[in-house]
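Labels run A, B, C and D following the written order; every chain starts at residue 1.
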């Protein structure tokens, strides 16, 4: 059409790869994580011990498993506040199955299935009925846990087989726990899924502009439904781990975990409004949160004071770079 | 052209507003580079330039939405700066922006008066007074709806009338119109012209931005030309010809003749039988052949877009079948349509077209990921290759392919959307108002490109409300009215009169049907 | 002409009536006027908070820190009361409103000046405010006998047969009705939430409007903080724990669109009353306590599904318009 | 450091009862001389939160953990790990399953408490009447045990009928609403028994607000400092509680004995606990500290400033 001399050459990239990485959120967060690690090891003589650090990973592994799926969901512009309640329901279902003599493999299958079903339930309301996910999952948050209460009442399920305790209490090698292994595997799977596949690209596209994504031939509702299923599945896996770790089920299990999961995702640099975020960011955020709670725990700081730190961290990590940029802009002008 | 009074002001009168050495940069883009612009009282200044030349950016600077990085703005010779849109409003500058910037949840009157509503003694909004004034404004511009209507119940064209009423609701000295006629029908455009004349006679300075040369030459007194963010020249409209203006704007001469298509029309590719939607359209039957450009004409709101979106799988028809290459295909989603080789370039670029937030190359490869990836895993190098190829074919203007598509001008965003679909190598491409808001240079390029596509054997459906474009480009035209097909016209039967007659439902004796 | 009848509010009002009918079939005393007045009184804090939350949600934000704000203000005024029992109640209320507004302003500034997403800001301040209660109270309770009688009696004082607590809700409803319909601020809130982009063009400062929305929400949370603590005559770290979700649920049931711009004072009030009726009815209709959570969860889902049906846009209806034109 | 570190882990910080227990623990520490008390607990009353606290304590290699558990079973694995690492673990107030601790200190014997709460109500109802229970959460172990014990002895109180059991979740507003609901559903209600310190306060307030002082008597387990107002207003005629200071004191003493003096927690063993005498363990390694003490208008002023 236009002659070649008129055609402009548009370069592929504006910034070099190194510059992009250096300026990234992950770099900042990693610096924070390292700082916390160093501070912790000075603040408490007990911090730098393999076994203690291993114990500390329990503070975040289960939450992080859900956080990876939640990250994708939030990037796509949705959210699931019912994850902790899914854990309760999945755990209750496992306990119920136990009463009917289920063995470890059956328990795991039931836990995961209930997780997926709960995810499907949320997904149905959001993608088929077109309701906002924050609202739907505030409802299912009560509903799922409510069903646990109906089934269990003031009772508890206990007496899980000893082989079942492997998931939440087992060690693979030396101080490395089964949960850590699961955490690493799931992190890699989600990292690849989000950053290296067509599905991940669709997630970003949907998060940035759902209408545009639909008009580009992406099956928006299907992708979102799958994301709800995945979040349910991860909650099911977390339910297996947590139930195995606690060795019993009560309907109040995992109360309040949803907000910690969301906090972890947001701290990891995922835009709560959708469209951007990375899995490495969430991984580092998981460590940051684990390190902060464990470090403060070693100093016997009360839990509620600890949560002040998490709150400040959440706001501070986002606010500081912006304040910095504002100050820099002011200095320039 | 109507009889236009000669500009009453002598050339040595001083400008009411003058912008000088104005620079505005965005990350990676210099949108304006030391431009100047003068607006004179009682005169219409037309600002022309290609897409992305910086016209809307200038408007936003004049209305306090953006702050320039350098340069001065003077009003009556006194330097002034606008920190907020309110400052500009206080200085007497009002604008009809390119995008309709209104509120669906508010009533028409509230849309007009939000921010400067009349108050009662207690400081509360005086709704009675507000509706009274709004009704008067609406009557002045001939708007056919009440001030109590909820804005969301209005169509695009009527919304635009509200935007115009809003601009007139403040007692401004400077009125800016950024492509005000893009969404209006013929009759409404005439009313707008009258309005402009009235404003002129009140001594207001008017900045008029348009890509339509006939209207520029009809209503403007002066012109100013920008190219790639730089000032090229200005002067009195009487001193310049259309061709000269185009050359100034594009930097070369542009053939404004529609490309004479030498494409061959082949066998039937698409056949639509009895398409029907419960509320939007009914009884749509037509065929489309290989290498054909099929025009869809109609008045704005005739339901062409609704039908095209059903054909593309966005909505589902309640009845009807669609055959592609003779086989019945069920299209339930855009993904189905794409896999059957039908693609759609939507009218609403910002919302339905480009995915703002994703880089250019990812926008281009989004529907072609199947081709650039291996078993579901991305291959970046392949993606860049594809994106490079198609951005070059469309002469995309951008800083880099990994730049956010949101930073491109409207016209360049449109190119990204077209590139995205061409990369899928479709059989049928539906272009919904493909040149709406596109500058004359790019417009010619799009037209040329369209016939090139047809020559390559692609079938094109072109929805357009511009009669010259419809007549110049189409091999065959379908006219829609009120959700139904009003006529199907062969190329030889096309004339502006026939098209308008069928579109408006006027019988040969001139009475409405 | 259907648009002149507020569809959502009518459906919700109907749902509340049906609910009351159902309850009265199991326990007729529930619909006695005196009991309904009690239910309203019990729901008053939720109504007040829901109105504040409505303003915030309308501007496309969300305030998850209301309950923590309420608890912190409540604890602060309770401690002030213990330290200075002679301080008159109007002063206490002024302090509560001011404290709440300051906390709201903190949220607002972070949203406005640093452009941090509201859900992140208020998630953070929610935990921070709770933590501060622990720090200032040292984890201790303030008990009823420590509070001055004037402090605890105020919300129960009867005016024209209704307690002051109920009046606080009624006055808030009236003020909000006027504010949302007839003031520049009220209309800006709809504009900002409905189309923030357009708001900028019309000279409405989006961030500033959101800031003031947070201040309003915070001030109401502060007011409720005093009312809550004096009504239950106790202040401790955990009061109103998790109440923020109930407040959001009330708004959502009331048809306030979480995407901003759509909603009404009537909707928020009815949404709160709906939840209030459910909560008050469950203990009296002899439903096992273990069923309560599931029932309120289902109520939210059903209400929301209904709302969505009622509010769905019906397309352009070209064919109908064409027929009508002929 | 040569101090003996004993961690007093509570259900959640900021509950008056546990603050008082911490006082007792400090008293014991002073008496013992070389003991450092770590008073800690999670943000809210969850088992997961307590596990995080326990992990931190294990890491610090404390000498003993004395815990009031949020969940009988869920803490067992974590506490077992603590014991494996040589840490003495006892539970007090709200117990842990036997596998997860060496001994459990009941504040009082469960049958005694069960009897006490119904007796407090019955004493003021010579002609019988309707009573209702307002518990904490449905999962609170100790509440459930006490109510069970109470049901066992109901036969001794003819004419007294329990018409309902409701749960206030240890939230003031929910307990208040539940109590209000009870008075509506059962207009002839004579007493509300709340064996929880949050619930009893809220119920008393609800009775005052409903204008039913004198009609409905609120009783159960509460703290004098929190209940002083209710006694004064007459909403509650009497209530009981064991002394939380003594409880914290005893728990600390027991933990010390087990960890430092090599005392074995076996069935029938008598473990000394300072000024509180000694604890006799049953076959579950459980023992009771003392009888609950009844507070009413005659003695409330004396105690309300203590705990």
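Methods note: contacts are C-beta pairs under 8 Å (C-beta built on N, C-alpha and C of every residue); 3 or more make two chains touch, one makes a residue touch a chain.
Composition by chain, UniProt nomenclature: A = Autoinducer 2 import system permease protein LsrD; B = Ribose import ATP-binding protein RbsA; C = D-allose transport system permease protein AlsC.
What you see is a predicted model; the values in this text were computed from it and never measured.
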Going from chain B to chain C via touching chains takes a minimum number of steps equal to 1
When C-D and A-B are ranked by contacting C-beta pairs, first comes A-B
Go ahead and note the Å separation of the Cα centroids belonging to chain A and chain D. 37
Taking each chain's mean CA coordinate, chain B and chain D are separated, in whole Å, by 73
From the mean C-alpha coordinate of chain A to that of chain B, what's the distance rounded to whole Å? 43
Indicate the residues of chain C shared as contacts by at least two other chains. 134, 139, 237, 290
Mind pulling the residue numbers of chain D that touch at least two other chains? 12-14, 44, 138
Multi-partner residues in chain A (2 or more other chains touched) are 149, 153-154, 302, 304, 307
What are all the chain pairs that meet the touch criterion? A-B, A-C, A-D, B-C, C-D
For the complex, which residues does chain B have touching chain C? 63-65, 84-86, 89, 97, 99-106, 110, 114-115, 117, 123-125, 127, 150, 152-153, 155, 166, 279-282, 301-303, 306, 481-483
The answer for chain D against chain C in the complex is residues 12-16, 19, 44, 138, 164-167, 171-173, 176-178, 180-182, 184-185, 187, 201-202, 205, 209, 225-226, 228-230, 232, 304
List the residues on chain C that touch chain A in their complex, please. 110, 114-117, 119-121, 123-128, 130-132, 134-135, 139, 237, 245, 248-249, 252, 257-259, 288, 290-298, 300-301, 304-305, 308
For a test of understanding, state which residues of chain A touch chain D in their complex under the given definition. 44, 46-47, 49, 51-52, 55-56, 58-59, 149, 153-154, 156, 158, 165, 168-169, 242, 245-248, 250-257, 293-294, 297-298, 300, 302-304, 306-307
Quick check: in the complex, which residue numbers of chain C touch chain D? 27, 29-30, 35, 38, 42, 134, 137, 139-141, 143-145, 156, 228, 231-234, 236-241, 279-280, 282-284, 286, 289-290
